[in-house]
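Shared chain: chain A. Partners: chain B in the first complex, chain C in the second.
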Partner chain A sequence: MRKTANQLGWLFVLPVVALVAFNAVIPLMTVVNYSVQESFGDNVFFWSGVRWFQEILTSSRFHEALLRQILFTAIVLAIEIPLGLAIALAMPRRGPWVSVCLVLMALPLLIPWNVVGAMWNIMALPEIGLLGKAINALGITYNYTRQPVAAWFTIVLMDVWHWTSLVVLLCFAGLVSIPDAYYQAARIDAARPWAVFRYIQLPKLRYVLTIAILLRFMDSFMIYTEVVVLTGGGPGNSTTFLSIDLVKTALGQFDLGPAAAMSIVYFLIILLLSWLFYTLMTRNEAK
Partner chain B sequence: MRARYLVPTIYIIFLLLPIYWLLNMSFKTTNEILGGFTLWPHSFTLENYRTIFTDPTWYNGYIASIEYVVINTILSVAVALPAAYAFSRYRFLGDKHLFFWLLTNRMAPPAVFALPFYQLYSAVGLFDTPWAVALAHTLFNIPLAVWILEGFMSGVPKELDETAYVDGYSFWHFFIRIFMPTIAAGIGVACFFCFMFSWVELLLAKTLTSVAAKPIAALMTKTASTSGYQLGLLAAAGSLTLIPGAVVIYFVRNYIAKGFALGRV
Partner chain C sequence: MRKAASSREARLARITLEDLRHTYGTMADGEVVWALRRMTLELADGGAYALLGPSGCGKTTLLNLISGLLRPTEGRILFDGVDVTDKSPEERNIAQVFQFPVIYDTMTVYGNLAFPLRNRGVPEPQVDARVHEIAAMLELEATLKQRASGLTADGKQKISLGRGLVRSDVNVIMFDEPLTVIDPHLKWVLRSKLRELHRRIRRTMIYVTHDQTEALTFADQVVVMKDGEIVQIGTPVELYEDPKHTFVGHFIGSPGMNVLPCRVENGVALFAGRPVDSANAAAYRGNGKMLELGVRPEFVRLAEDGIPVDIVKVLDAGRYQIVESRAAGSTIKLLVREGETVPEGRGFVHFAPDHTRLYEDGWVVR
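Presenting the complex of A and B:
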C-alpha cells in the first residue's frame, strides 16, 4: 500500500512507545548496569568491566546449557515443522469439520504453561500415568525423574503436543488462501500430487512457514515453565536449559553480575539468529 | 471418510489424551489415585472441585488471573490500535526501526526480565497487584497486537479513509464509527492473542506476585510441592484453567486460522 508521509504518525505510536519503553528500556538498563559491576550486598557496587562477560563466555556450565538448548530447539523444530505441515495438508479445507478440528487443535495453546507441565507430569508418572504405565508395560524401563534419556523424551513429546498445533494453524491459513484456479491449472496439466505440493503449495506457504519457524525458534529457545514443573532441570543437570540456568543464577543464588551478563549474551543470541533468519527468508522473496 | 483424514484424527486423539487424563484424575479420590492404575474414575467424586470453590485462597487465585489478563488485553489493544493505524497508513521518521524495535521485545526471554521487573515494580509500589502483571505482560503483547492489527488494517483499502474525509468525517469519528467496525475481526483476533499469551505466561506473573494477586496456575504448583502430593486437587485446579481458553477459542473459531497468520494471508 502507498503510504503518505506524515510525521504526526509519531503521536499515534507515542502511547505504545511509552509503555514498551517503561517495560523494556528501564529493566534492560538495570541488566546492563549489573553486568559491569560487582556487588557485595547493601546496594554497594563496584565497577568490574567485562569480567562477568569473560567469566560467562568461558564457563563450562554456560556452554553446556547453551548446547542443550541448541539441541532441544533443533529436535523440536525438526519434528514440529514437517509434522505440522503434513497435518495441515491432510486436513479438510471446507465443511463443518474444519471448525471442530481447528478449535480442538488450538486447545493446547491456551493452557497455562505450568499446567502443561503438571499435566505431562501426571501423564508420565511411571505408576499411575497413562504414558508411563504404557511404556513400562511394553517392557521398557521408563522413569523420567531418574533417566536423562526418558526426561528428554518426555520433554520433547510435551513440546510437540503443546506447539505443533501452532504450525498446523499457520499452514492451514496459508493453504486456504490459495485460489482454486491454481489447482484447476494443475489438474489440466495432470500434475502429480508431489508436483502440486512442490510448485504450488510450498511456495505459497513460504510466508507462514517463516513465521512458524521464527515463533517456534524463539519460544523453544526461551522454554522455562513447562520444563521446570516437569523435571526441575534434572535428573542432574540434564534438562537445564538456558532460561532455567539463568533463573537459578539470578533468583536462586542472587549472583547479579554473572546473571546479567548471561542475560545479555542470551538475548543477543536470540536477536541475532532471528534477524539472520528473517533477512535470509525475505531477501529470497525479493529476488 | 477418506484415508487421509486419519492423520488429523490420530493427531487430535493424541492432543486429547493428556487432557482426558487430567480430567480423569480430577474426579478421583486420593485413595484411588494412590491405590493403582485405573482408566476411568471408579469412585467418582466432586470433592476436589468443592475444595477449590469453597477455599478463598483457591478461588481468589482464579479471580486474580482473570483480572490481570483482562486489564492487559484491554490496555494492549487500546494503545495498539492507533499505533497500528499509523504503521499501516503513514510514513514517518524511523517508522521501520521502531517497528523492528517493538518486535525485538517479543523475542526477549522473560527469564531475562524477571529480576529487573521485580525491582522495578517494587520501586513503583505495584508489586503484588494485578496491575504489575498486566503492565509487565504488555512487553510482549503490545508488539504482537500491533503486528496483528497492522496486518488486518493493511488489508483495508486506503480509499475508505479518503472517502470518509471527503464526506466531512473528523478523524476520530471515522476511526471509531467506520474503521474499527471494518476491522472488527482483526480486533477480535488481537484480543484473543493478548488474552492467550497473558493467560499462559507464568514466569513473570509468578515473580511479580506474592499473596494477594497470585495467579491460579502458580498457586497450583505451590500447593502440590508444599502440602504433599494432592494429585486430585492439582488435577481439578488444572482442569478449571482449561475453561477460559476453550471459551475464547469458541468466540474466534472462524478467524482462528487467519489470526494465527497474523492477518497477513
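Presenting the complex of A and C:
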C-alpha cells in the first residue's frame, strides 16, 4: 500500500509537541546545558564537559545523601505498604462506616506539606510538644533537634502518618472491586482466611500495589518540604536527603553546574529504579 | 472435614425446603419485599433440576439459600432430613459454579482443581487421581500445567465447573447461569457435557437459568419461578403440554402460548362471542376475576369456519411459518407448515379442544 503524502497531520500533533516541549523537554535541556558548563556572573559560561558529573559521582557528600535517601525510602516503603494493606483489609466494606473511614483516611492527604512539617515540628518539641513530652515522660531522652536517631524516627513517623492513607485508599479501591463471587467460591472451596488473602485478594491487588509502591517510591525519594520544615536536614547532615542537598547546592551556593549535573543524576536514578520496580512487578504477565 | 474426606463414599441427599421465605430488607415505608415468597419444595437425590425464570424472579436467591451463602429469613432447609439451615456452605458440603468464571489467577489449572480437595485435607495421591479424572472429563488435560489466568473464557468456566465436580462426596452441585459468558457454539458442547456428567456421576444438580432451551435440555424436572414464587414443577414435556399457569405457557415455547380473554356461560368458554371447545371449561365454578383461554400456536390451525380473524403478518421460520392474526382485539399466533398457503386478509382459525385450557386469574381451572 502506498502512503498518501499528507503533511496536514503534523498540524494536529503540534499542540502536544509544544506542550511537552515547554513542559519537559526545554527545561530538561536547560539543565543539561548547565550541567556541562561553568557559570560566572553576567551570564558568562565556559564549556566544562563531564567535569561536574565526575565531581558529583565521586563526591562523598553526594554518596552519603544518596545512601540516606535509599535508606529512608526503604524504611518508609517497608512500613507503609504492609500497614496500608492491613488497614484496607480491616476496613468495613459495606455500611455507614465506610464513608467515615474513607474521610478519616483522606484527611492527612489533604494537608499541605509544609503544614504537615510544621505540625510535627510543634508536636515533637521536647518541652511543649505532645509527642515530645510524652516520649520524654516515658523516661526516654528524646530530642529530634539534637539526636539523629530521634530525627529519623520523627521523620519516618511523620511520613507514615502522612502517606499510609494513600496506600490504604488504593488498596481499598482494589478490594471493593473484587466481585462477591470470588469470596463465595472461596467459602464453597473451604478456603481459610489466609488462603483467601493469598490466592484471591493479593493477586487481585497486584496492579494497585504496583501503583502504590511506585508512587510511594517516587514521592519518598523526592521528599523535601516536610523534612526542611521539621529538621532543616539536621542535626548535622543526618537528615539531608538528596533533594535537600540539591537545593543547598543550587540555591545556597549558587553552583549551577554541579547542581544541574546532580539533578540529572538524581533524575536518572529515579527513572532507573522506577523502571526496575515496574518490570519486576509486571514480569509474570509477559510470560 | 477430615471425616468428610475419609467417608468419600457417594452420599446422595434429598433436599427439603420447608416454608422458606427470604427478604433482603424492608422498604423505607416499612413494607417487606419478599425476594422469595413462602415455598415448600422437595428435591429428590440424584436428580437434574433446573430453576427457570426471568431476571429478578428469585432463582439465584433460592440457589444461594440452598448452598448456604444466604441464611433464610424464615423456614428450614433439610438435607436428608437433617436441618442444615444454620450450616455454612462448607458444612453442607455442596459445590457451586457461578455465572462468571471464578478462578484463582496465580495457580495453575491443576492447582485450581486441587484447591477444594487440598483445603479439606484430602491425601495428595487421591487429589492427583481426582484432578486427572476431572480434567479428562472436561478436556483440560493439556492445560493442567498452565497458569489458569491465561485460558479463554470457556476454559476458565471449565475450571470452575471442574472445581465443582472434583469433590466426589458433595451433596449437590449448583450452577448459577454458568454459560452466560460462553460463546454460543461452545454453549451447546458444554451443556451436553454437563448432561453427560450428570448421567455418569449421578449427583443432584441444580441449574439456574433464564434460558428455556438450557433448562429444558439439561433438566429432568424444571422448576419455573416468577416473582419469588414457584409457578410449576414438571418435566419439560409437562411444562410444554400442560402449563399450570399462563406465565408458564407464555415463558416456555417459542412463540409462547396464546392467552386470550374470555367469558364462560353454562360450562362453555366464549371468545369473541363464539363458543370455543376446551379441555376444562366445564370444571369452572364461577368465581374468577379474570378468565383467559390458553392455547399454544402449535394447536391452532387455519380452518374453513370457526373464529374469524384478520391475518396480520406471516413470518418464515424455516420448517414452518408463524402466522400472526387478530380477533376481537387479541393477537393469536399459529404455526403453519412450510408450503401451505396462508389466506390474505380474512380467515378462520380452529383451536384443538384437548390443548385449549381455561385459566382463572392466571391459574389453570381444574
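Couple of notes before you dig in:
Here is the rule we go by: the second predicted complex is superposed on the first by the 268 of 287 C-alpha atoms of A that agree within 3 Å, B and C clash if a C-alpha of one lies under 4 Å from a C-alpha of the other, contacts with A are read in each partner's own complex, and residues count from 1 in each chain.
Simple rule for what comes next: contacts are C-beta pairs under 8 Å (C-beta built on N, C-alpha and C of every residue); 3 or more make two chains touch, one makes a residue touch a chain.
From a predicted model like this one, the values you see are computed outputs, not experimental measurements.
Once the two complexes are overlaid on the shared chain, A:A191 sits against chain C while remaining clear of chain B. Look at A:I200: by the touch rule set out above, it reaches chain C but stays clear of chain B. Touch criterion not met for A:G257: it reaches neither chain B nor chain C.
Residue by residue along chain A, chain B and chain C are tallied for touches, and B comes out ahead. Of the two partner chains placed by the overlay, neither chain B nor chain C lies in contact with A:G233.
In the superposed model, A:Y182 makes contact with chain C only, not with chain B. For chain A in complex with chain C, the residues that touch the partner chain are 179, 181-182, 184-185, 187-192, 195, 199-200, 202-204, 287. Interface residues of chain A facing chain B in the complex, by the touch rule stated above, are 1-10, 12-13, 15-17, 19-20, 22-24, 26-28, 30-31, 86-87, 90-92, 99, 101-115, 117-120, 122-123, 127-130, 133, 161, 164-166, 168-170, 172-174, 176-177, 207-208, 211, 218, 221-222, 224-225, 229, 242-244, 246-247, 250-251, 256, 259, 263, 266-267, 270-271, 274. Note for the complex: chain C touches chain A at residues 1, 64, 67, 69, 88-90, 94-96, 98-100, 102, 104-107, 115-116, 119-120, 147, 160, 163.
By the touch criterion stated above, chain B contacts chain A in their complex at residues 4-8, 11-12, 14-19, 21-22, 25, 33-34, 36-37, 75, 79-80, 82-83, 85-93, 95, 98, 102, 104-117, 119-120, 135-136, 138-139, 142-143, 146, 154, 158, 196, 199-203, 207, 215, 217-218, 220-221, 224, 231, 234-235, 238, 241-242, 244-246, 248-250, 253-254, 256-258, 260-262, 264-265.
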